[in-house]
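What follows are several structures.
One chain, chain A, appears in both complexes that follow, with chain B as partner in the first and chain C in the second.
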Partner chain A sequence: MLKNKKFNFKEFFAENAVPVVFLTISAVFVYYSGTQPAIIMNDVVARFARNAFFVISLLIPVLAGMGLNFGIVVGAMAAQIGLYWALALKMEGIAAIAFAAVVCVPFAVLFGFLSGALNNKTKGQEMLTSMFVGYFAHGLYMLLFLFIIGGIIPIDVYEIILPNGVGARSSIDLTQVKGAVDSILKVDLFTFVLALAAIVAIIAVVNTVKAKKPDIAKFVVAVLLAGLGVAGNTMPAFLMFKRVVKIPVVTYGLIGLLCVFITAFFKTKMGQDMRAVGQNMEIAEVSGINVNKIRIIANIMSVVLSAWGQLLFLQNLGTLSTYTAHQNVGMFAGAALLIGGASVTKATVPQAILGTFLFHLLFNVSPLAGQNIFGSALIGEYFRVFIVYGVIALAIVLHAAKKAGGKK
Partner chain B sequence: MENLKPVLEMVDIKKNYFGNQVLKGVSLKVMPGEIHALCGENGAGKSTLMNILFGMPVIHSTGGFEGEIRMDGEVIEIKTPRDAMKYGIGMVHQEFMLIPGFSVEENVKLNREPLKESILGKFLGEPMKNLNRDEIRRDTQAALDQLGMDMMPADKVAGLPVGYMQFVEIAREIDKRGVRLLVFDEPTAVLTEGEAERLLAAMKALADQGIAILFITHRLDEVMTASQHVTIIRDGAFVKYLNTKETNVTEISALMVGREVEVIERTKHHEASNEIVMEIEDLKVEMPGEMVKGVNLKIEKGEILGIGGLAGQGKIGIANGIMGLYPATGKVTFEGKEVTLNNPKAAINAQIAFVSEDRRGVGLLLDESIAFNIAVPALQNQGKFLKKFGPVSLMDQAAVTENANKYIEELDIRCTGPNQNVRRLSGGNQQKVCIAKALTSEPKIIFVSEPTRGIDIGAKRLVLDTLVKLNEEQGMTVIITSSELAELKSVCDRIAIVTEGKVIGVLPASEDDAKFGLLMSGITEGVEG
Partner chain C sequence: MTNVKKMIEDYGVSRFIVTCFAVLLLVAAFLQGQDMTILFSDILNRFGMYAFFSLAMVPSIISGTLLNFGITLGILAGVLAGLISLELGLTGFTGIGCALLLAIPFGAIVGFGYGLLLNRVKGSEMVVATYVGYAAVYIMCIGWMVLPFKNPSMIWAIGGEGLRTTITLDGYYDAILSNMLSITVGGVTIQVGMLLIIAFACLLMYLFTRSKMGIAMRAAGANPIYASAVGVNVNRQRIIGTVISTVLGALGIIIYAQAFGFYQLYTAPMNMSMYPVAAVLIGGASTRKIKISHVILGTLLYQTIIAVSVPVVSMLAPEGGLGDVVRIIVSNGIILYALAQAGGNK
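Here is the complex of A and B:
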């Protein structure tokens, strides 16, 4: 295992071609957008908080061998049903989000179970299946919100129902819940960095005591973070960042918690079974692992997590586009994961985080960069769309090429 | 031994797949601590028998089986692989059941990982407990030590040499506490000689510890050196239970291949001549599962040559390589001219015809008419059956139908007429359509692969008769590739046996079954043709 420690640039590039390419494009775009880096950063921080949970929820099905689960769209629908319910009960603020987070779970579990069962019937084509599950579910969702709500279930909250009393409004103002999670605690960037430094330092100490060997890497990271935090708080060069960039601590805390959970989960028996199923279903079956059950569990987990992710997204956004908010979320999240260097069979938490970051950075700067480079904001807009579909196509082609290369 | 109870008994096992009886009452008896060899040709039913023993889904989704399985004299029911594991039956698979992305230790402990408490586990129970990595490492090391393997438990399986993977499989099986019976399914097929020896030594060591071993192999010399008893099955039927000490390689191979066959009358026999019509030199073909690794063969004009051998040894690859269906290298000379390889059109234009072993996949357009199927290659490659209208060419329907009618009569294809879709035809008649198709391009030499696979006995006879007639009446050189030696012996002049991607020997068809059997198991001594 130790035979090839030497850094091989070519190999590194081949392994990480996608993130490297996107990092380069992002850097160029940031430069040409002509926007203050601090302002870009603040926006990316907010967008990251909005979306990261959702992207990370995609990791489980990828590792369970089902590719990108575009079916997490049904999770978003479950979240919207939950949130709508909360609004119908005239709930506000964090209570509404908490209520929605609880009541969306049974829906998400049911949807996850059904789409998982369908995936088991179409092994090998999960990505296509789950995409069409999303389209199909959209139809049922429309039925629920256009006719059943108001038509069968009476709703007497004026703000969320169409004037004739049947069907939900297509755009619902979420002022009552906007920022419910985000604004519990907001700190500036460098205070956040200092807090991170403290956490890393604590982990390092715990590791050192446990292993009776100093965890040097973590200590170095802690010191670097602390240095950055102190510098940011004192040096005038960083003043702009300190003033502009505000971190929603609770949201980031939840994202952090999810990362820890995912990492811990794949160390458990169930996580190991899931990885085995992901690598080779047949062998897992022969070893006595209940493949279908594991796949359904993976699907349910990803749908439930994506439902919560959608709630974080909506409370950040502040409006609920009842009929469209869930559309394409699966596609965008998939693209973000792939940009981070994941493939449809292999993905890690850092890849999801890097990917979400890059994806939103690019999303943010591309219209202005397009304006400045090509003289047309439309071109930048075009890049946004191009990126989403282009990267999915690219990732799938790269994956296929790698597979074909492996055969030789 | 007499008063010991057998660990495993399989009594009068019968199984049919969709009306096709693949096992016709096979019995098997394995004593504790013995190495028991199970021998039979491909298709004899060994794999099906093992699938039954392991409760594989393929058995139970096709209607289960008849007969009894007993362990220690008690009747047991095995419905899933989990049941088999519960009874202490382990298997070292022919295709490795290893997950390449996992490390050695993860594979050894797959789904049997020792666990330890974790925070998640406290709330959510067993499936959420963490893996006990230290214990996994320790147990794996112990199993590897027992086998005398120098391997790192943390290494990824993907990077290991093939021989090592085999040992990982074995390590996994012996790590299972309470394993009573281990099945080795052709374990030495992929190993080098040294590795094979080490494997046999490991098997003996395991048997000495009281574990019964069921050893499935084609290599009869290994049967002789390692086993105490041999069970031979043929065509899904039990043939004989032998004491290894009281038998020899020749007897076993004769029992494996020997069978009664209808003799097909041949009026003329080809006289050995020196007129070589095709010469194959160092042909290598990359056909997955049928790799050809350097075949040299001279084909005499006007003969019927058989190419035999066990499945997976490369015999199928030869014709596919010459016809350009799989990447090939080497030199093939036909009537003094070199045939361009890797180009099906070139082969067809050189008047070489091929009837594929994959009748329904490669051979036929199932939803097209008989007439069209017969005409297609000639139409595509030789511009036959075309009417020209200026720059546009149209298919000449009348000519196509006429041609089809000719072959329907000549080859006695049973159908409602030339416009019937081939999907509805029986296997034997489909095969005749394939032959008609090959003949329409007026070949000088015809390769026929597995002509009787999946066809009932009556139809087999007709197909073989057709080939013989072609040879005798038109003097066409015919090369038949088949897994059924008996069939080759009944129609061919000479038979080449392919083992491990090479022609190991060419014998006159009249030679003893035993000699062919020896060649198939890779033994050339005493088989001078």
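Here is the complex of A and C:
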């Protein structure tokens, strides 16, 4: 028994080596960046809100056995088409975002269907395929925004079209929609923590009533959160955090809902089928699951979710870089998920959340840390991009080595 | 009618479409009154710049490591070799000779390590290669910042850190191979020297694929189980194929740079592997099959499209950029088509 436990302990470290390493790097970088922790945290909170949706939406293709779906960039493109449409209709604020969120869905479904069908033709190479789907779609996207918009579809909104009337501006100011979702409700960090404590407490009570057994773990978490919230609101040591860090409640609420949805989805029949397909396509096929259909559905879901994610991203950022905003979406989301400890075949919601947090912490502090450690901010910037590609390369190598080893 | 259909199928559908497209572009350029001599000179120049990269796909495909997206690694090794030749202050044929000579061991060392890696990831070589290549580009970005190069024409003059983003070869060996034995026929510049070098390289590659080792490599790539049953060391063949491919990439970037006039550092090599990959696929290669003729025809067709589409399209749509868009759609579309044709594990 004891031996067994020791083994598990070792396994725990082996399985969580990646997040531990990145936590260490981040801690060192935070120290050397010489920035106020509260200021870093405020930035990370904003970046987290911007990006969590993508990372969580990547869980679906990963669990369906398609690896990191770099093709979610087509979702981001769908979102940008929707948002541009809203701007062309001179919509503003939350209405524009809501309109875009609705009209981007048919585009996202279509794109997801097409790329999913292509993925079915290239089983085993989905990550490569989805990457080229992204590049290919980027070409079509440029065709649409550089020539068709204005050239064929007339647009008469000065702010979003090039002066000669053909082609979208490469950088569009989103003042009208900036913070449309974020600023609905913003609270300081500790009020947010108190609210979280209350939610956890309610869940604990519900669980206790349901199971007729006290849900001690959740109660402890609730009490700890409450303690932190009270301490933060009263103790002067936390004053800086209370003043600086603002939480966009609605955005975080949406991210929370997505987590709940994903968890619940994988408990449904469809979700279980998806897992089965992800584990072994042949067995799934034999047991009567339409593998290709399930894979297409998984692809569509991740593309639609990432389209909504891109809208959250853009409303937070406040500018639309028409021709580049979508490009790195898949890559960054994939890297974040892996940094959280996921592999290309196995991932969980907590890994996605931890990974997003660590990834953006590292992204925030790298340049300044590079400046202070190596005497060059640029080295820090190169280093953080290296981390993105390096962690993806490593994860793919490990996965491929396992797959190749298993075949022998 | 069925005959025509059969002929198209024999020629290859994607190759047929691209050939038609290239011809159409040339006709359009002619009708627009573009200076055809400049266009043809440009096509030939570009062919010389990219032919070595495309040739590098041959050993990787026949040894079974598929399309070598990791040619980026060879490119980085070649750039390093080239920079050393500049740092030594060597000019003319000595300079480029030194760069090419250094590129061979550099490329071989990198290729060997890369080959070992590829042997561990059979079945996923292309995606591994892509991301290892990207990661290497950024490692070298840091490298270009910190490597102790001192030549003032390579580092930023004042206030900057590390090497310049583009390093001019003016005064070293700018266009030295491109201008070698270059003649002008009816206004079209034909780089005879360059074409001879490429022809020689293609001949060597052809002879290699017919040699004993080449045949063993082919066997290892086509059917690894059968090959190892008849005594071919499959892993060794794959490593040799990767080494040759990487060395060709390293030599290729030096030849590219002398024609272009600059070494491009930092993120420039990121997607350079897409050009030869798209080119050989257009030429009729697949992820598992390639001939020297695919290399030559593909590079010529692909570079024709790039060279001609920009001026043609910019005359049609003066807003600019459409030529580049066409290139992105065509090359990535071709790669996707090839991936779909190769099919997945059933």
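The criterion applied here is as follows: the second predicted complex is superposed on the first by the 389 of 408 C-alpha atoms of A that agree within 3 Å, B and C clash if a C-alpha of one lies under 4 Å from a C-alpha of the other, contacts with A are read in each partner's own complex, and residues count from 1 in each chain.
Quick note on the criterion: contacts are C-beta pairs under 8 Å (C-beta built on N, C-alpha and C of every residue); 3 or more make two chains touch, one makes a residue touch a chain.
Owing to the predicted nature of the structure, the values given are computational and were not obtained by experimental measurement.
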Quick check on the superposed pair: does A:135 touch chain B, chain C, both, or neither? Answer first, second, both or neither. second
Which partner does A:265 contact after superposing on A: first (chain B), second (chain C), both, neither? first
Partner chain in contact with A:273 - chain B first, chain C second, else both or neither: first
First (chain B), second (chain C), both or neither: which does A:34 touch? neither
Does the superposition put A:283 against chain B (first), chain C (second), both, or neither? first
In the superposed arrangement, which partner chain does A:214 touch: chain B (first), chain C (second), both, or neither? neither
Please tell me which partner, chain B or chain C, touches more residues of chain A. C
In the overlaid three-chain picture, which partner chain does A:385 touch, first (chain B) or second (chain C), both, or neither? second
Contacts on chain A seen with chain B and repeated with chain C across the two complexes: none
Touching residues of chain C toward chain A in the complex: what are they? 117, 120-124, 126-128, 130-132, 134-135, 137-139, 141-142, 145-146, 161-162, 274, 317, 319, 321-322, 324-326, 328-329, 332-333, 335-336, 339-340, 342-346
Residue set of chain A touching chain B in the complex reads 1, 264-265, 267-270, 272-273, 275-276, 279-280, 282-289
Touching residues on chain B, where the partner in the complex is chain A: 54, 57, 80-82, 85, 93, 97-102, 106, 110-113, 115, 118-121, 126-131, 152, 154-155
Contact residues on chain A for chain C in the complex? 118, 120-125, 127-129, 131-133, 135-136, 138-140, 142-143, 146-147, 151, 162, 164, 166-167, 374-376, 378-379, 382-383, 385-386, 389-390, 392-393, 396-397, 399-401, 403-404, 407
